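After this come two complexes, each holding chain A, first together with chain B and then together with chain C.
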Partner chain A sequence: MFYNNGLPALWLIPALPALGALIIFIFASRMPARAAGIIACSAISLSFLWVLNVGTTLVLGNHHHFVEHHWNWIAAGPFQGSASFYFDLVTFAFTFVVAGVGLLIHLYSYSYMKGDAGERRYFGYFNLFAAAMLVLVTAENAFFMFLGWEGVGACSFFLIGHWYQKSENTVAATKAFLVTRLGDIFLLIGLFLTATLVGVSFSQQSAWTQVATSSFIPGFGGLTGPQLILITGICFLLGAAGKSAQVPLQVWLPDAMAGPTPVSALIHAATMVTAGVYLIARFHILFALSPNLMLAVAIVGVLTAFYGATSAFVQTDIKRILAYSTISQIGYMFLGLGVGAWSLAVFHFFTHAFYKALLFMAAGTVIHSLHNEQNIYNMGGLRTKLKGTYLAFLAGAASLAGIPFITAGFYSKDAILWNTLSTKWGSPVIYGIAMLTALMTAIYSFRLIFVVFHGTPRKDIHVHLPDRLLTWPLYILAFFAIVAGFLNLPIVFGVTPIWEHSFARVFGEWQAEPLIHSHAVEWMALLGSGVLALGGAGIAWLLYSPAKAPMPEPAGDIATVENNTPAPYKAVWANFLFHGWKMDGFYNKTFVRGFRITSGVIAWIDRVFVDGIFEAIQAIVRGFHALVIFFQNGRVSRYAMVMLFGAVAIITILLIGSQR
Partner chain B sequence: MGHYQPLLPDLILAMGATFILLLGPLRDSQNLRDFLRWISLGLVAATAATLVWVNHGMATPYPLVGEGWLTTAPLHTAFAVVFLATIAWTILASTVPDEDAGEWYSMLLFLGTGMIILARAANLAAVFLGLEVLSISLYILIAFRYSKRSSLRGGIMYLLLAGFASGFLLFGMALIYAVFGTLQIAEIRTLALATDMGPMAKVGFGLLLVGVGFKLAAVPFHMWTPEVYESSPGTVTGLIASSSKGAMLAAFIPFLFLLETHWSIIWLFAALSMVGGNLLGLREIRVKRILAYSSIAHIGYVLTGYLAGDTLSANAAFLPSITGVNAVFFYVVAYAASILGAFAALGYIQGERDLTLRDLRGVGRRNPVLAFCLLIFVWSLAGLPPAVGFFGKIYLFSAAINAGYFWLPLIGLLGSAIGIYYYLRIIVHLFMMPADASDPKVHASTLQEWVMLGSAVAVIALGLFPETIFSFLRAF
Partner chain C sequence: MTLPINEALILSCILFSIGVLGVVVRRNIIYVLMCIEIMMNAAGLAFVAASARHGSLDGQAFFLFVLPVAAAEVAIGLAIALLIFQRYKTLDLWVVARTKEA
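Presenting the complex of A and B:
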């Protein structure tokens, strides 16, 4: 049961948190609120231990992957989906983060959510989310993966709307759900195409190479193989963009910060939003077969990275800064995928999970200590009061900014940048934009540090010291945010990049090889991005050091700026960036209004014509009812008379019929 | 004696009924009532066993004084066994009147005797004999709560109208005999198919159809149903709707040759019943009347299947292995399983006055088991999956479509759509309406609740495994 042929069972990984959620939901009313947290933490820690067990077996045994078949789930013609699990290095990376970082965030939540009215519900959904996310990354085929995909979407909805008493939170939850659902529609179309063309099992994906060479495929209206690949890939890209908050479906993530901060750390930074990266990495063969598709992924990635960095630049809410930075960083992952650096995209996901979860949780500690204050201009001078949190935050921000040589973020981001410049799918233009983005990333990272932790307190808020569960998970994550980079040191250091080397087994020939072999050029690129990071930190010091006035200039008192303020800044461009390039307004004016008008028209048609038809039918039926019920008056004489008429009618019909 | 051996089942049941009738007045005690109940059940079981045993290996109609009297065809034996089962079910499920227990059980057994004779009738005289035994037992059973005016009124109404209908039937038979010179249905069939039917024969069969239509309560001979159903005890209503009509249908199956000449009349019966039954029930608030009107519609569905006959069409499109007659058999079983339970459940709820939808409110809370069973029965009557009624309807309509009838199933579907309205009203009142000031009174013993639950399970189980009914039919 727990071991098959000496190999550890995979189903336990998602089953343990699922069991935890089940226990919490069934016995919620009969357990103390704290017990729910203990159950949830135990379930996820057991799951994490099991992930370590499976992962070490995989790595030490030098296996390519494990497969575990349970039962046939969907079987309808070409749609064959089984409840089966799959575990390779990519799965290991993702499960390690989901269960490992997830465990730290569970522990953190145990303290953070203490005394919350919905504590049991929170932990129930937290565990359910972990279970769904683990199904997503351990599924053996895309249909089973889709089960987890939708499961995490639902849990994200529940957890964003955790404080549902405030209507804006439910609005944010609904927005997140609907926008990702829009992407899911495309994902489903892509899945159906995959199912009909090659089958949904991940081990069947190499069959795309045959599709790429066939000029005619029956049943697709004359579309050629490469065209079908392009369509399928675009559908997957849109599905991934919805889930991972990429342009053009990125608008939901900043609003999703309405949920509790640990939710943002787990779901909207470390795990769920990277599901799109996982999806494309799983279908890398499909993408690699079409250069146009790769270019599309790279453009989406670099645009999103740029978009997120510019928007993060002017935000005043600490969580929204981090949300935009998440959008931007996932953009880098997509860029990595788009240039064929599959393993490096996964590596950036890996390091990002640590430092972004760390930043969110440290921000949560700050928010918690300041009694739910989120505006950074009301903070300041926290360096001395929250020393441990400051150091952890500094480590995270340095990693985010990519401070050279000592942080994980530097190694993972720089590797992607180098591949952008050097591989066949990359281009210097994209490289340039990505470098510019890196500079801005460093600036907004250190803006956070200087405004929140340096100088003097701008507002007299009593600082309430965090307990150990709110700080220790930060230190652990800070450790990883620094050292995780050493898993993949650049080749120019004269060492083997362990990560890339191991993942070559998974991505094999599809992994893009650098076309530029000159070590000098690579050193220059490396040093260039390092200089950019340090320069960004310097610029941040010039702009936001305690001695300077906050930039850009606010329209009024910047400390009172709220997220939904129409125009907090004097400068038009700053307001434009503050509202995320006014994408919400644009979508409201075009899609939402268009949809409302269309549905209004349809509702009118429904009310007038469709309802009218049925009301007419109803009136007719009632009229006939009145006609027939008239005879039913309970008198034997009338009944006998009707019988007689009936008999006469029958005989008449028969006699007339016989004369003919 | 060997000459009469094939009549053994009918004799056992009739003599047992007489015996119980004589035993009844002895002493009125709970013990005696229980004894009578079990001995009646035993008699029904013995009859069914004898029926199967006697029929085994017998190919020709039962001879009686030179004429074929009863048929041994497997279908008809199966029908007879089903009807005996409904009698046994009723014996278990009905609330025994405090007095007159002997009469109650005896009449039920006589009713069963009438049914098994009618269901297996091979000549016109047997049809009439069975029909009258059945009807006379019913007059008494309908008026069994004779201290109530409405009960007596229902019995008398049925007596008068059924007498009227029997007149038509007998006159029709006389005309048929005058034309063909025989009472044997098989011989009449041969002669009728061989020659062109003259007007006299046509009128004779037309009058026969009036009698049959009355017994089946097909529009326009349906008028008696609401009052009679309303005034009878619940379980008796169930029997009138299920096996009493079923026996007439079984007796009508040898007359399938009438489809050649009289199909338009049967078509009209079916169409008018499906439309009329569903329209009539639309705004009714008395629950038993709702089901009475619905039973009219159900006869329409059955006649739709009857029109498909007993031959398989070569170019059948839907479920080609099921003939119209098999579908009719299926439906009689399915309908009996649902309607018996429904009327019995309503019988338990019934108070002093007529039971209205309003009286059902709160039953779902007061007695959830009973309400749940009633839900399943009504669900099946409405023809919703996975209850057995759904498959019954599918078989009937597909048989009709295979036989080339297109409009009739369409009318049936539209009629069912209207009918869903009043079936759902029952469910809504059972579960979704707040109870009035006083809780409804429900009198059901533990045995009765178990019987109901068993039937409800059977309705679902037969729906999940509809093939069971066909294998039962094949076993004869």
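Presenting the complex of A and C:
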């Protein structure tokens, strides 16, 4: 049961947290609140141990992948979705993060959510989320993956709206759900196209090469193979953009910060929002077959990276800064996918999960210690009071900024930047924008450090010291945020990049090879991005150092869902960036209002025409009814009269007939 | 003397019409029963007249059968009228028709 032919069973990975969620939901009313957290933590830790077991078997046994078939789930014509599991290196990377970082966040939540009214519900959904996410990344085919895909969306909705007593939280949850649903519709269309063209199993994806060369495919109205590939890929890209908060569907993520901070760390930083990266990496053959598609992915990625960095630059809420920074970093992952550096996109996901989960949890510790203060301009001087948190946050922010040679973020981001410059799908323009974004990333990362932790406290707030469960997960993540980068040292260091080398087995010939082989150029690019990171930190010191007068405290409160919150800055451009390029307002004016107008017109048509038809039918029936009740009123005299007229009519007819 | 057939049939028609009109417009059950009697007698007159006209006894024999039927009808009709009055304290047929079963 737990081993098939000596190989560890894969179904246990999602089944363990699912079991935990089941126990919590069934016995919620009969267990102490703290017990839910213990069950959830044990379930996810067992799952993590099992992931390690499967992963080491995979790596040490030098297998390409494991497949495990259980039963046929959907079997209808070309739609063959089976409940089967698939485990290769990409799955290992994702499950390691989901279960491993997930475990740390579960432990952290155990302390963070102490005394919360909805503690049992929280841990139930947390475990359910982990189960759904593990199904997403271990599924063998796209339909089964879609089950997990929707599962994480639902759990995200429940957890963003955890504090549902405040209406803006539920609005934020609904917004997140609806925007990602919009992407999911496209994902479904893409899945159906995939099912009819090549089949949904991940091992069938090489059949796209035959689709790419065929000029006629029956049943698709004369569309050629390459056109179908482009359509499918665009659908997948939009689906991934919805889930991963990429332009143009990025608007939900900053508002999703309404949930508890560990939720933001797990779902909206480390795992769920990277599902889009996973999707595209799984369908890399489809994407690699169309240069236009690759360009679209790269443009979406670089635009999002730029968008996120500029908006993060002016936010005042610590969680919103991190949310925009997540959008921006996932943009880098998409850029990596778009230039064919599949393994590096996964690598950036891997390092990002550590340092972003770390940053969120450290921010959570700060918020917790300051009694739910989230405005960074009300913080300051926390370096001495929260020393451990400060050091962990520093490691995370340095990794985010890409401080050269010592941080994981530097190695993963620089590898993507180098591929952007050097591979056949890359371009110097995109490289330039990505470099500019890297500079801004460094500036806003260190702005956080200087404003939150340096200088003197701006408000006299009593600091409530975090306990061990709130700090130890941070130290472990800080360790990984530094050393994870050494898994993939650049080739110019004279060593083999272990990560790229191992993943070559998965991505094979589809992995883009650098066209520039000069080590001098690569060194220059490497040092260039290092200098940008350090320069960004320096600029941040010039702008936000405590030696300067502290930034004028922005008027008004943090922005919420709607755009009508008071503008905190005097400058127009800063407010424009503060509101996320006013995308919410733009969407409200175009899509939301357009939708309302359209539905008003349709409602009018419905009322006048559709209802009109049925009202006419009703009037006819009523007429007949009136006719019938004239005869059927229960009065004998009326019946007698009807009989009389009937008899007279019959006699008249008979008489007229006999006359002829 | 021979029965003037035309006058007899016209009288029969007039009686029948009076009966029908009474059944249709009267609300009192007693009047309705009486009108039914009138209609029966009108039919009987037509039978007898036709019998005399054709020199056959069939019509008169028929009327002999109609008479007990009419008597039975009156007996049952009056019994019903009695029960209706006991139950509803009225003889108005419209009121009875409008009243739901108690």
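Keep this in mind: the second predicted complex is superposed on the first by the 587 of 660 C-alpha atoms of A that agree within 3 Å, B and C clash if a C-alpha of one lies under 4 Å from a C-alpha of the other, contacts with A are read in each partner's own complex, and residues count from 1 in each chain.
By definition in this document, contacts are C-beta pairs under 8 Å (C-beta built on N, C-alpha and C of every residue); 3 or more make two chains touch, one makes a residue touch a chain.
Computed from a prediction, not measured in an experiment: that's the story for all the values here.
Applying the stated contact rule after C-alpha superposition, one finds that A:F645 touches chain B and leaves chain C untouched. Once chain A of one complex is fitted onto chain A of the other, the partner contacts of A:G634 extend to both chain B and chain C. The partner of chain A that touches more of its residues, comparing chain B with chain C, is B.
Once the two complexes are laid over each other on the shared chain, residue contacts for A:W604 go to neither chain B nor chain C. Residue overlap on chain A between its contacts with chain B in one complex and with chain C in the other: 634, 636, 638, 640.
Within the complex formed with chain A, the residues of chain B that make contact are 156-157, 160-161, 164-165, 168, 197-199, 202-203, 205-207, 209-210, 213-214, 220-221, 223-224, 226-227, 262, 264-265, 268, 275-276, 279-280, 282-283, 418.
For chain A in complex with chain C, the residues that touch the partner chain are 633-638, 640-641, 644. Listed in rising order, the residues of chain A touching chain B in the complex are 621-622, 624-625, 628-629, 631-632, 634, 636, 638-640, 642-643, 645-647, 649-651, 653-655, 657-658. The touching residues of chain C, counted against chain A in their complex, run 20, 23-27, 32, 93-94, 97-98.
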